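I am attaching a structure below and will ask some questions about it afterwards.
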């Protein structure tokens, strides 16, 4: 997948990815790139970050809210943790995260909401926001 | 579940439910209430609509966006259709619905997004918004 | 999969399957057996019905309750319909079905419970139990 | 969400919650209540424990069985562990838990059942019931 | 998303998409392109078909098998139907489809496999392959 | 479930299970057999390994590919890890595993694929294949 080299969508994607997930996260991910995972890393920089997260139709703030909502529903705890962290970079408040979880209690069920509460509290502790 | 009678939370809930889902939808649901489904209908009016949808921490507009996001992820087509319709009553635009679906392509997968596109287009046709 | 011929587990399985799903349902399924689906039909008669549904550790009544609970959670509407029908053959009451659905509202979320309410009401109409 | 204070549904809910999950569990949960999770804790005491677990139409024993069934299907391991523990407080036997898991092998698939077996064995070790 | 215009990946994608899903299917999809769904249609032509389905590391035959396997697990019936049809264009046989479904009975559960059997039989009837 | 003793399906099943999962894995599982999990262990030796994995219609190589595909979709990480390991015993290459994951990014979503990448890399490290 070397078609990405010098490519604007990739550059835009890496820029958004760094601003949303944070420099440190992306640097760590880059340091782990190898022959096995490299194509996937390039793919998401284009496909997710370059194409979709850059679209003007929805603010990054609201993209964070709906991404958190989807990850709670999908039962993907590790990715949820990453996107709760990222949400702060997009201006989402602790209170808004709480409301997404309260709403998820209704639609995704209580176990989903309960796990999300705990994941969010882990993030707050790691970020010193508890 | 007659504890709801004369209950302020229930009254608030019915009010919000009517404003979000529309008079017609709620009247239809009420006309179908019977011994089997009545407790469930009261339960959601009180808890979903009275307790959660009325919370001030997130706008109804944003509650619509995250509800749509969760329903795409959960693969619940009939409820998704209802909440895409309802979203218009909460000031969500067609473009925002499109962006939620584009974002869902990344996190929920392409089949989920593809079904959501078709569900949304059905709603637009029914509402004369296509 | 002709290892089933003359096989006691298979015979027991067909017996339980007929008593739970009803003669008519099983006869219809048998009439549709062909080269493509035959192995699957034999497989479930032997293993699902012959091995598991015949186990003494849980009554058929309670196996019906937990099967309905799992099918609501799994979002498998057609199979749910079949097992709500079957539950009556295992002595489950309408009220118990209602309670499984109320409980599912908590754990599986409201859209799951709402669909189950509607599926159950369809069954009641078909069986003249509404 | 201070509407709960002095409220019968809340009192009933806390009573059932303590009898099902155990004093120790509920005391621990209460000790962790903070501004972020407090509304959720209050919500489930009402919504889940006060309204649904107290309903007379299904025994607590059978509510435990169907809750376990749903949690296996939903792939929610931590909540499953909690409800396998709780099931003993509702008079469920090890053999019944085994049968719910055997039945789940059919409907939820072998990986779901396999994880449930391991979760149950963890609980048995913790409770000295292995 | 006009970055696709004159884009080689997009061209390759459309070519593969036509060869896998069939001219008729793609022409129908193209005829329905509008302002709402156009970006999504372009997105999948570029990324799904242009980037992934064209990768040399796995034959189109095997990509069909794993796609069918994933769609059974994901409970996405409409997309499953489309990919069972498409599988014939990739040289998959009825017998292989049967084996994927038998295998899915183990991992995804019997209701998933049962629905897949019925979806496959619908496809066979539509293609005159029953 | 002692109906299995001296039974050909069981013998065939144990043989395939050992060749696919490895002697060590099966010996460990056998050493943990007890009154609680024994029926389940016997059940899968018959149902999964004896009946399905032995069927001639699909190579073990391709059964590994579709099993991995289903486990990614089903979000069952522990079982996925076991089947990525097993895949090497069935002649699957690292490159093919990578391609299944790339394909899953499209259909199951990026979080599913991302977790699968990490699970696969864990396996490679454990097997000295990184």
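As written, the chains take the letters A, B, C, D, E and F, and residue 1 is the first residue of each chain.
Simple rule for what comes next: contacts are C-beta pairs under 8 Å (C-beta built on N, C-alpha and C of every residue); 3 or more make two chains touch, one makes a residue touch a chain.
This is a predicted model, so every value here is computed, not measured.
Following the contact convention of this document, A, B, C, D is the list of chains adjacent to both chain E and chain F. Least-squares overlay of CA atoms from chain C onto chain F yields a rotation of 180° to the nearest 5.
Ranked by how far their CA centres sit from the centre of chain D, the chains are topped by E.
Compared with chain F, the chain whose C-alpha mean position is the greatest distance off is B. By residue number, more than half of the contact pairs of A-B reappear in one of the listed pairs C-F, E-F or C-E, namely E-F.
The geometric centre of chain A is 31 Å away from that of chain D, both derived from CA atoms.
One simple way to say how far apart two chains are is to compare their mean CA positions; for chain B and chain F this gives 40 Å. Centre to centre, using the average C-alpha position, chain B and chain D are separated by 28 Å. Among the residues of chain E, those touching two or more other chains are numbered 43, 47-48, 71, 74-75, 98, 102, 105-112.
Chain-to-chain contact here is organised exhaustively, every possible pair of chains being in touch. Listing the residues of chain B that touch chain D in their complex gives 1, 3, 9, 43, 47, 51.
Residues 75, 94, 98, 101-102, 105, 109-115, 117, 120-121, 124, 130 of chain E are the ones that touch chain C when the two sit in their complex. By the touch criterion stated above, chain B contacts chain C in their complex at residues 34, 36-37, 39-40, 43-44, 48, 71, 74-76, 78-79. Within the complex formed with chain F, the chain B residues making contact are 106-112.
On the side of chain C, the complex with chain D involves touching residues 47-48, 52, 55, 57-58, 62-63, 65-74, 95-96, 98-100, 102-108.
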